[in-house]
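Across the two complexes that follow, subunit A remains constant while its partner is subunit B and subsequently subunit C.
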Partner chain A sequence: MSVKAYARLAGTTVRATFAHRISIGLGTIGVIFQLVAMVALWTALLADGTRIGGYSLPEMKGYLLVGFATGIVGRGLGEHVMAERIRSGAVALDLVKPLDYQKMRFAEVLGGLVIELAVIVVVGAAFVALAGPVQAPVRPDLLLLSLVAVVPIKFLIIYLSTMLCFWTQNYHGLAWTRTALTQLLSGALVPLALLPGWLQTTAAVLPFAAITSTPALIYTGKATGTGALLLIGYQFLWAAGLWFLARLAWRTAVRQLTVHGG
Partner chain B sequence: MRLVRVYRRSLGAHLRAVLEYQSDFWLLVTAGIVTQSLGFIFLSAVFARVPTLNGWRFEETVLIYALAGLAQAAVPLFADGAWLLGSLVHTGELDYRLVRPYPPVLQVTSHQIGFSGAGDAVGAGVLLVWALSRVEVHWTPVKVLLGLLILLGAVVIRIAITVATNAIAFWIPSPNPMFASAVFQIGELARYPLTIYGFGLRVVLTGLLPFAFTGFLPAAWLLDEGGAAWLGLATPVVAVLCALAAYAVFQRGLRRYESAGH
Partner chain C sequence: MALVEAHHLTKTFRRPDKAPGLRGSLTHLVRRRFTTVRAVDRVDLSIEAGEAVAYVGPNGAGKSTTIKLLTGIVEPSSGRVRVAGRDPHRERTANARQIGVLFGQRTQLWWDLPVRESLALLRDMYDVPAATYRERLARFDAVLALDEIMPVVARRLSLGQRMRADLACALIHGPRVVYLDEPTIGLDIAVKDRVRQFLRELRADGTTLMLTTHDLGDIEDTCDRIVIIDHGRVIYDGTLEQVKDTYARQRNVHLQLAGDVALPDLAARFPAAAVHAGPNPGEFTVAFDKAALTVGQILAGVIPLAEVVEVRIDEPAIEDVIRKVYAGELILSPAPTPS
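Here is the complex of A and B:
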C-alpha cells in the first residue's frame, strides 16, 4: 500500500510541475544565461588550443554540460513548500500522516525529475548543436550510474538544509548560502582541481563533490576504470550516509516545532 | 526634494520592519558575501593559470565583476517593491497607491526592501575596493566625480530595467514577475568582459538591454581600455533615457489599469 501512496505523491508532483511549466521554464532561463556566460568565457580562454588544468575546450564544454544538468536536477518545487510549512507550523499535519516524511519528500523530488529531464534534454541538445564541438561522454554507462546517485545526494543536502528552518525563519538566506556553497564545493563553478589546495581538501571530505565533480570527471574521462568505480561507490556511500543523517536530524528538529493556535 | 524625503521615509519604515529580525539580517548578509565571493574565487582560479582574458587582467576583470554586482545589489535595496507590481495589479491593491499624493511608480518601488541586497552590496563593495586598489587609474577630482556619477547611472539603469519589465504586468496579468526575473538574470552576463561574447549578444547588452553600462563600459572608461572607453562616459545619459523609458512604460500601463472590480 505504502509504495503506491508514494507513487501517487510523485505523480501529483509531475502534474503540479506541468501546471507551473511556464514559471519553471523562465526560472531555467537564469541557469541558461549562466551557462552562456561560462561557455563564452572558457571559449575566450581556450579557443587557441591551450589547456587549463588539463581541459581542452571541447572537454570543458562537456564539463559545463554536466554542471548544467546536475544543477537542474532535484531543484523540485517542494523545497519552498517544505520551508513554508515548517515556518507556519502546517508541517504538523504532515507529521500525522501515516507515511514517512522523508520518503514523501523524496517521492516528490522523483516526480519533479520528469520535467527536469525534459529541460536537460532540450537545452542539452541545443547546447551541443549551437556551442559544439562538445566532447562525447567517455563511458556513458558509468556516467548514467553516477548521475543516478546525484539525485538522492542533492535531495538530501537540500532536505537537510531546509530542516534548519525549524531554528531560523529566513528560508531565502539559507537557500542562497546553500546554493553558493554547493556551486563552489561541487565543482559546478570551476573544476575542483583548479581551486586552491585548502578548498580542494575541504571539498574532498564533503558530499558536494559527488553532485557535479564526480559525474563530470567520468564524462570527460578524467576518471576512468577503477578510479571511476571508486568515485561512484563513494557517491552511493554518501547517499546512504546522508539518508541516515537526515533521519537523525529530523528527530531532533521536530522537537523544535512550535505550533500556535489550534 | 520632497520626492526624495518621502521615498526615504517609506523605505525607512520597511527597513525598521526588516531589522526586527536580527538573525535573518545576518543570515542574508552572510549569504550575499558568500555569493559574491564565488565570482572572485572563480576568477582567481582561472587567472592563476592565464595572464589575461581577452586582454583583461585579473584585477580589471574583478573590477567589472564588482561594478556590475554593486549595481545589481542596489535593486533590492532601493526598488525592491517593483517586484510586487504584478501582484498589486492582480489583486487590485494598486488602487490605494493611486489616491495618495505621491507618484504611484515611486510608491510601488519603495513598498519593500530586500535585504539580500545588503549582503551583495557589502560583498561587491569589498571586491570593488580590492580591485580599485590594484588597478592603475589616473585619479583626478573630475574623474572621481564622473566615476560616482557613472556608478549612480549604473544603479539607475538596473532599477529602470527592473521597473519597465515588471510593468509588463499591466498588459500580461500575472502575480509572479517571471518575465522580469528572466530579464534580470541576463544581467549576469554583464559581469564579465563584454568582448568574450558574440556580436549578437554584444548588441543586445549595449543597445536593447543596456546591462553593459552597469559594469563593463564603466570599467573600460575608468581604465581607459578596450577601445570602448569613451562609451562608458555615456552611462549617465543612458541612465536618464532608461529612467524616462521606464517611467513612460509604467504610465502607459497605468492608463490600462482597471482594478480588480470590487
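Here is the complex of A and C:
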C-alpha cells in the first residue's frame, strides 16, 4: 500500500534538510539565541528566589526548554515550500499524484522530526549542562504523550495558514502573523498565566496553547493528575478537530486554484 | 464509451478589475469588481483509446485549462467530464493512477533528490511492481538516455535533461492516458527528436495521448487528429489531413524565368491566381488555390512566354493554417467529431 510511499516521502525531508542545511542551520541558531536571551531575561527577573506567576527560576528554565523544543518540532522544511508551490501553481503537479495531499504534507513533517529531535536532544543537553539548575520533568510519561500531540497540532496550524496562499500571494505576511499569534497565544513568549485576563480567555478557546503551554505546564508540574490528563485530552481533540477542519478548508481552497496562464 | 469524454465542459473564473496604481488597489478593496472570463467554453471532446490528439491554439486560448479540467486539477464550472468513466475532480486520486501528466514548464522531480530517487518515490506512490519498474526504466533509457542523468540531483539538470527525466516520471506507472502540455518547449533539436520518437513509441504501444504544443513539428510527427481551440471554444476537430486539404489549399509556385517578362502579361494568363514579381528580374511567385489551378497548368501557361529556368513549389505546412487561425484570418467551420 501507499504507506511505503508516505514513508519514502518522509525520507525526502531528511534529504532536503541536508541540502538546505545552511539556511535551516541558521534558523535553528536563531531559535537558540532566542532561548539564551529568554534565560538571561528570566534569570535577571527571578534572581534571589523571587517567583513570578508561580514560577521559580529552575521551573522557568524547564518551561523555556519546553518552549524551545516545541518551537523546533514539527516544522519540517517550513511552510515556504508549500506556499511557493501554491503561489507558482506548481501545486497542480501535487494534485495529479495518487496520494492524499494533506497526508503527503504530514508525512514530510514527520520525516523532519528525525533531525528536529536530534537538535532538541543536543541543545537540550547543552542547556541543562550550561544553564543549570533546571527543574526535571515532573511526569516524563505524560510529558512525552503531550509532546506527541504537539506535532500534528503544529503541522495543522501551519498547514491551515499556508492554505491561505490560495487567496493571497503574500505568504511572508501570513507566516509573520501566524508566528506572532502562535508565540503569544501558545505561551512561548511568556506563560499564559502572566497575560491579561481577556488574552488568557482567548488563548483558552484557541488551539495554540496546546503547542507550548500544555506540555510546559505538565513538565513543570503546574498541571498534574486529572488536570494534566484533561489537558492532553484537549490536545488530541484539537489535533483531530484541526485535521478535519483542514480537510474541509482544503476543499474550498483548492477551488481557488484557477488558471495560471491559459 | 470513449476513454476521455467531455460534454459542454466550461470553466469560468473571476478576474479582479483593478484600476492601475495604489488608488486602483484601494478602490478595489472597497468596491470589488470582477470580470468573468470563460477560459474554457462548452467544449465537447471525445477521445478513443489509442488516439493521439493534438490540442492547439494561441496563448490564452484555454489549452492548459482544458488539461487541468481533464486531469482533475480544477473543477469544471459546468459541463461534464469522464476519463475511463471516472470524474477526474471528484475521484482525483483514483483518476491520478490511470493518467500521466507532463507540464513542460514545470517539473515533478523532487528538487533536492537525484533523478533515481524521484523515480523510486513515484514507483512507490503508484505501487509499480519491481520487475515492471525495471523493465520500463530500461525501455525509457533506450530512447531518453536516462542512465547518465539518474544520479544527478534535479536542480542541477539542464532543461533537456530535466524534460527527459520528467517524461519518465509521467510514464513510470504505465498510464492509459497521457496529457502532455508543451513537452518540447525550450528544447534543442536533438532532444526534441528524442522526445518525439518517444511519443511515437508510446502511441505504437496503444497509449492515448493528448498533446498541447506550439511546435507544429510535434503534431505532424505524432498526431493524426487535431483539435483547434480559440477563446475557449473548439473551432476545429478533425484529421490533420483534412485540415490541410480543406484549409491549406494555397500553393505558391516560385518561377525563375529567362528573358524579359512583364508582370501584367504573366498575371493576365492566370486570372484565378495572384502573381507577384520577385526581388530579381525574371523572378515571379504565383499563388493559387489548388482546387482552381494545378502546377502543370501554370507551367503550361508560362512556357509560351519565356523559358523556365527554375521552379520551386511551397507545400503548405500545418503551421501556416494554424498561424492564420491565430491571426484571425481564417474562420474554420466546425467539423463533426470523428466517431
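The working rule: the second predicted complex is superposed on the first by the 258 of 262 C-alpha atoms of A that agree within 3 Å, B and C clash if a C-alpha of one lies under 4 Å from a C-alpha of the other, contacts with A are read in each partner's own complex, and residues count from 1 in each chain.
FYI, contacts are C-beta pairs under 8 Å (C-beta built on N, C-alpha and C of every residue); 3 or more make two chains touch, one makes a residue touch a chain.
Every value quoted in this text rests on a predicted model; they were computed, and no experiment measured them.
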- Once the shared chain is lined up, is A:R15 touching subunit B (first), subunit C (second), both, or neither of them? second
- Message: Let me test your reading of the model: by the given contact rule, A:L45 touches which partner, first (subunit B), second (subunit C), both or neither?
- Response: first
- Task: Based on the superposed arrangement, let me know which partner A:Q183 touches: subunit B (first), subunit C (second), both, or neither?
- Result: first
- Item | Partner contacting more residues of subunit A (subunit B vs subunit C) | B
- Task: Check the residue A:N170 against both partner chains and state whether it touches subunit B (first), subunit C (second), both, or neither.
- Result: first
- Task: May I ask you to decide whether A:I29 touches subunit B, subunit C, both, or neither, giving the answer as first, second, both or neither?
- Result: first
- Query: Thinking of the overlay built on chain A, is A:R247 touched by subunit B (first), by subunit C (second), by both, or by neither?
  - Reply: neither
- Task: Determine, under the contact definition given at the top, whether A:H80 touches first (subunit B), second (subunit C), both, or neither.
- Result: neither
- Message: Output the subunit A positions appearing in both contact lists, the one against subunit B and the one against subunit C.
- Response: none
- Message: Quick check on the complex: what are the subunit C residues that touch subunit A?
- Response: 11, 13, 39, 59-65, 68, 71-75, 92-94, 96-97, 99, 101, 103, 106-108, 110-113, 117, 120-121, 124-127, 153
- Message: Taking the touch rule as given, give the residues of subunit A at its contact with subunit B in the complex, in rising order.
- Response: 22-23, 26-27, 29-30, 33-34, 36-37, 40-41, 43-45, 50, 52-53, 168-170, 172-174, 176-177, 179-181, 183-184, 189-190, 194-196, 199
- Along subunit B, where are the residues that touch subunit A in the complex? 21, 23-24, 27-28, 30-32, 34-35, 38, 41-42, 45-46, 48-50, 53-54, 116, 176, 178-179, 181-182, 185-186, 188-189, 191-193, 195-198, 201
- State the interface residues of subunit A toward subunit C in the complex, per the touch definition above. 1-2, 4-5, 8-9, 12, 15-16, 19-20, 89-90, 92-93, 95-100, 255, 257-259, 261-262
